[in-house]
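Each chain carries a letter (A, B, C, D, E and F) given by its place in the written order, and its residues are counted from 1.
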Amino acid sequence: MIKTKICVINPATVKGFEADVYMEAKKNISQDTDVIVVTVDKGPASIESRYDEICAAPGVAEMLKKTEDEADAFVINCFGDPGVESAREITRKPVVGAGSTSMGLACLLGERFSIVTVLKSLESISSEIAYRCGALSKLASVRAVETPVLELEKNKEALVENLVKESMDAIEKDGAHVIVLGCTGMAGLAEKVAEGLKRQGHEVPVIDPFAAAVKLANNLAQLKLSHSTITYPKPPEKQRNW
Amino acid sequence: MIKTKICVINPATVKGFEADVYMEAKKNISQDTDVIVVTVDKGPASIESRYDEICAAPGVAEMLKKTEDEADAFVINCFGDPGVESAREITRKPVVGAGSTSMGLACLLGERFSIVTVLKSLESISSEIAYRCGALSKLASVRAVETPVLELEKNKEALVENLVKESMDAIEKDGAHVIVLGCTGMAGLAEKVAEGLKRQGHEVPVIDPFAAAVKLANNLAQLKLSHSTITYPKPPEKQRNW
Amino acid sequence: MIKTKICVINPATVKGFEADVYMEAKKNISQDTDVIVVTVDKGPASIESRYDEICAAPGVAEMLKKTEDEADAFVINCFGDPGVESAREITRKPVVGAGSTSMGLACLLGERFSIVTVLKSLESISSEIAYRCGALSKLASVRAVETPVLELEKNKEALVENLVKESMDAIEKDGAHVIVLGCTGMAGLAEKVAEGLKRQGHEVPVIDPFAAAVKLANNLAQLKLSHSTITYPKPPEKQRNW
Amino acid sequence: MIKTKICVINPATVKGFEADVYMEAKKNISQDTDVIVVTVDKGPASIESRYDEICAAPGVAEMLKKTEDEADAFVINCFGDPGVESAREITRKPVVGAGSTSMGLACLLGERFSIVTVLKSLESISSEIAYRCGALSKLASVRAVETPVLELEKNKEALVENLVKESMDAIEKDGAHVIVLGCTGMAGLAEKVAEGLKRQGHEVPVIDPFAAAVKLANNLAQLKLSHSTITYPKPPEKQRNW
Amino acid sequence: MIKTKICVINPATVKGFEADVYMEAKKNISQDTDVIVVTVDKGPASIESRYDEICAAPGVAEMLKKTEDEADAFVINCFGDPGVESAREITRKPVVGAGSTSMGLACLLGERFSIVTVLKSLESISSEIAYRCGALSKLASVRAVETPVLELEKNKEALVENLVKESMDAIEKDGAHVIVLGCTGMAGLAEKVAEGLKRQGHEVPVIDPFAAAVKLANNLAQLKLSHSTITYPKPPEKQRNW
Amino acid sequence: MIKTKICVINPATVKGFEADVYMEAKKNISQDTDVIVVTVDKGPASIESRYDEICAAPGVAEMLKKTEDEADAFVINCFGDPGVESAREITRKPVVGAGSTSMGLACLLGERFSIVTVLKSLESISSEIAYRCGALSKLASVRAVETPVLELEKNKEALVENLVKESMDAIEKDGAHVIVLGCTGMAGLAEKVAEGLKRQGHEVPVIDPFAAAVKLANNLAQLKLSHSTITYPKPPEKQRNW
């Protein structure tokens, strides 16, 4: 297998999480893969709305251009896939979003999946990603723990409990067979949520969106595969100022 | 009917078209409706890719905030609906995109419609808008005259000819019953395209996306209707710098 | 803007509502648009079933032929769109139904809509209209106040209350983001229902199907657009007696 | 098996075909089943448009009421299913349309089917029937021999040839695996069309819509099954004049 | 009508039910049709999982080859359609499964249907059959009485009661308009379930999947129709040992 | 990353390819992952029909039971996913099929994909896999080189040429943006096909289904994820002989 290097781009401006993200990425990847983690210079503090997404996307593009030569594949570290579609137009190296990747994986593990995310208000955005990656017919529901992204770290135990509770409802009320955690800020919790569900009688896969995205980026780099230039053609040259 | 005021936001930075846009809007609207036309300060020269769209969206948001108090409804003057979804989160006044509006109208006039746009590379973007506004099951095809936006004005006669040619193919090869012109830079040409098609045996509606959007904005303002706050909730307060 | 004239055809035989309908239409339309209101000579007293619809459709066609030269666009004043599809075959002037029009509008204002109509038994008919105009993927549910059409006028306050109650359930149980009132006999109530919902915490558009249809008819007449002759070809000449 | 009686209602007014229809029905049904054939008193000479359908539907309802006590199940003898939906509201005995029945059967015999009908202008009507009976996802295309219904009898040999030609295109260009003849005036020709296709290398089922409908009516009568009262509730009592 | 002979293949190895199956088949078929009933030599005792299905399918193929010359059409006597798809590749005589047949029939009788089967764990398998026969858009839900196949006979009264209870929930909670019994071991109970539902206010068709399949097999044999060779091409000659 | 072991099961009986398969697997996987390759004892020589699939599935189940304790994840080495669904019921370790995996991956790399497989007759089978894994809305077409599986090795150069030719048609006629090679016997050719397409002007991902499946199996083992027990419940204990 060729040696590859993955670049994780944090699309929100809050700094200080880089080391954690690095550790989480390394945990999920073969040892011979290098990882770098960068954070955008401009954008919103966190991403919880379409407005946040458009504030984040230009910074993602800028950071991608800066780091393009330094890695073989890129992960945009947010479940909302902010700036992923446009980033794919400006580079031929694979760019991977955590939302679409984990939904695609969920489709391969069971009949229907539910997303358990931070805020119910993200439902429309999540459905749109599901449409885009072809997973819509498998999406049972979007549920939320109603905790803002920047407060996820505050009480991890309560968070896991809430994730289990919403996942149980997704399974028993909405017919989910697979659970997708709907925020990369929930990285590292999937196993605990799965255990909680098992204790209550349901043995279902719980997908960590960050781990899924890092794996896919690594796979694509190793397989020398990238997104299609027909779907993502190079943008025409022109003046753009912002 | 109450007197209303529509604000048209040009999301690309090329200036000098404001008077034309104003005239075109006035042509399509009741006399007792006022129109203002503004152009974003920052963004791409024209919008022909996802990358252009994310470059345009922040400027649209900024301009919307500046003009929010001056009008009753807003039209984003581009078929790709750049910044429409995020703009709807930051204002409770109706914000209307030319793409979704004209696709919605097409659904009401016949079994299936085709979009004839500037560049084939816009196909995926157009399908995504169709999905978002529920029109996907009615979309027969996306065709293009392969003329960049900023060259549309150069030879209007040839442009109409090409639009008729692609529309004929859309009807005869793809099964379209309705034609949607896929760029607001084609404003004012729908009638000529319809005539061209009629001369070749097909009497079908040809939708001018700019006219459709201006009409809908005016209707919404008069009916005191706007987009749903459940689909478009107000973004949480937070730091955003770009 | 050209001066246009709209003809509203009441497809049920109960007379005496023409003045009210006229006022309601004028309220929703630019002052320079003329309105006439006519009622069919033959048909059912009200329209609440497929059987009523087929009883109504021939009368609609007859009345349309009588009035075709007197107006620029036609509104069939019933949410079930009775006779709309066949009427479009016999005239090249735009014919608009209240059901399809308001569903098309709902698609442009939010992720999913529910219809709140008079009788639950109209569900299948409503879904079929949604299919026909491409809105099916956005239809969350059909709910009903279980009040026959001809009793809607009896107690408007109770009616609004029931509409709010069912709309609340549509939002909270069925996931609706937009409400469509499912009977043109509910004309003029949308604003009150919206207020009732807002008081209970949901700021969503509530669509008045009659107002939406009158607006669209007026728009089409002004834009010189009509339905497609490919979808609605002229019926062959032949003997038809009924 | 219980002895049953089927009533075939011709929804177009052209008389003189009753004996042929009777023979065709008897050919396709167990000997212990009785058949009667009746023709509506009012309606169009043939059914080739939505306008024809609404002209036919009231006559179908009238005839159904007249004959309701004389048979155990009813077949409306037209591929467009005119008046079938409304007829199901006014009787609890099974009412069967040739269009929906043959599409339902086609779904059980192969991956996708095409309809080969009289006039291309019937495409939208056919798709709507396919939607209604759940067969839309299996419908590959609608093709036509462009022969009006009342001229089908003129040259049967040429008709079969044209049916084979269009069926070949349906198979080779549209991906059809099953052919449905799209007019009950084509009754008795399916076997010849199948032979023609076989000679050209394709062994596929060719469905005779009249035979399929007669079979289903007989089956339902024998199984004591009928349509659902939830989908087809009894219309409320009211005045209806036409 | 030609005289035909139907062969029912029991795909599970439990013997001793042949006489009952024979009686049930004869009850549902014209007297001039012969019936034979055979049971596979190898396979599972009953069919309640995908694993049971693959254990059953080779035995079905073997039995079909043995009996191919003795009948005009074949019914695989199980709602899961085990081995139906592959059987259709190895014979040109019609092979009919009880699951797809009864779902196809349900689509013709109402807006949406629910399946009430033995075990909830069969949901995914049932949905897949619905997809395959085009009925997926009409499938409201899959419910179960949670009784293993081989215990169905133990207490028929309790079984009917449970079927009624789940059917009521299907109608009132899931929006079903038609009920399909989801196991051929429930043959003969449809009428009783329908009566139970009627007593509780719902007059809806309840489909006996075995009766539906026998009818269809008989119809196909009489109409000389079979499945498409394009969907079910003859398998290439090769060595196969199992 | 934990050290894992993948077992590849060849579901067709032709022996002698194990070393090649092993090399191909090792090429696509991190060095610290072990691979074993086994071939079923009973089944068809190759898999090119539904009949082949049911002949193969019991042998796959048998081999899986034999090797279950020796590996952490299983790959069924065939694009038709024979026996994958049933295998998932009998083990809690991840079982991966090449067809569903590569279709899921294709969905993440572009708007629509086409499958280029060995025989056109596999179209229906491929669509069914696409349905099952949620990829159907992204499937543009299934094309074939019309070369039986066991002749793929004969002339690799001609095979690549044919794959390029069909892929070009998939792109230019069917609208594919991504190509999926539809047979694991084509392992190792993706890069050459991609180069051929690039020389003709199309830079699109070409997916090697075997490589994709091996990667996914490895990912799942490392992430400790497996398929859902709700979709794939454990089969009830019972007698099964075959």
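Convention: contacts are C-beta pairs under 8 Å (C-beta built on N, C-alpha and C of every residue); 3 or more make two chains touch, one makes a residue touch a chain.
All figures in this text were calculated on a predicted structure; none of them were measured in a lab.
Shared contact partners of subunit A and subunit D are B, C, E, F. Listed by label, the chains that touch subunit C and also subunit F are A, B, D, E.
With centres defined by CA atoms alone, the chain at the far end from subunit D is A.
Repeating the E-F interface, with the same residue numbers in over half of the contact pairs, is the pair C-D out of C-D, A-F or A-C. Look at the CA centroids: the one farthest from the centroid of subunit C belongs to F. The centroid of the Cα atoms in subunit D and the matching centroid in subunit E are 26 Å apart.
Computed from the mean C-alpha positions, the centre of subunit A lies at a distance of 31 Å from the centre of subunit B. Look at where the CA atoms of subunit B average out and do the same for subunit F: the two points lie 43 Å apart. Annotation for subunit A: residues touching 2 or more other chains are 111, 124, 231-232.
Chains touching one another form the pairs A-B, A-C, A-E, A-F, B-C, B-D, B-F, C-D, C-E, D-E, D-F, E-F. The touching residues of subunit F, counted against subunit A in their complex, run 1, 27-32, 92, 96, 100-101, 104-105, 107-111, 133-138, 171, 177-178, 191, 202-205, 207-208, 211-212, 215-216, 219, 222-232.
Of all residues in subunit C, those touching subunit D in their complex are 13, 42-46, 48-55, 57-59, 61, 83, 85-86, 88-90, 121, 124, 128, 131-132, 148, 150, 231-233, 235-236, 238-242. Contact residues on subunit C toward subunit A in their complex (touch as defined above): 111. Remark: subunit E residues 123-124, 127 touch subunit A in the complex.
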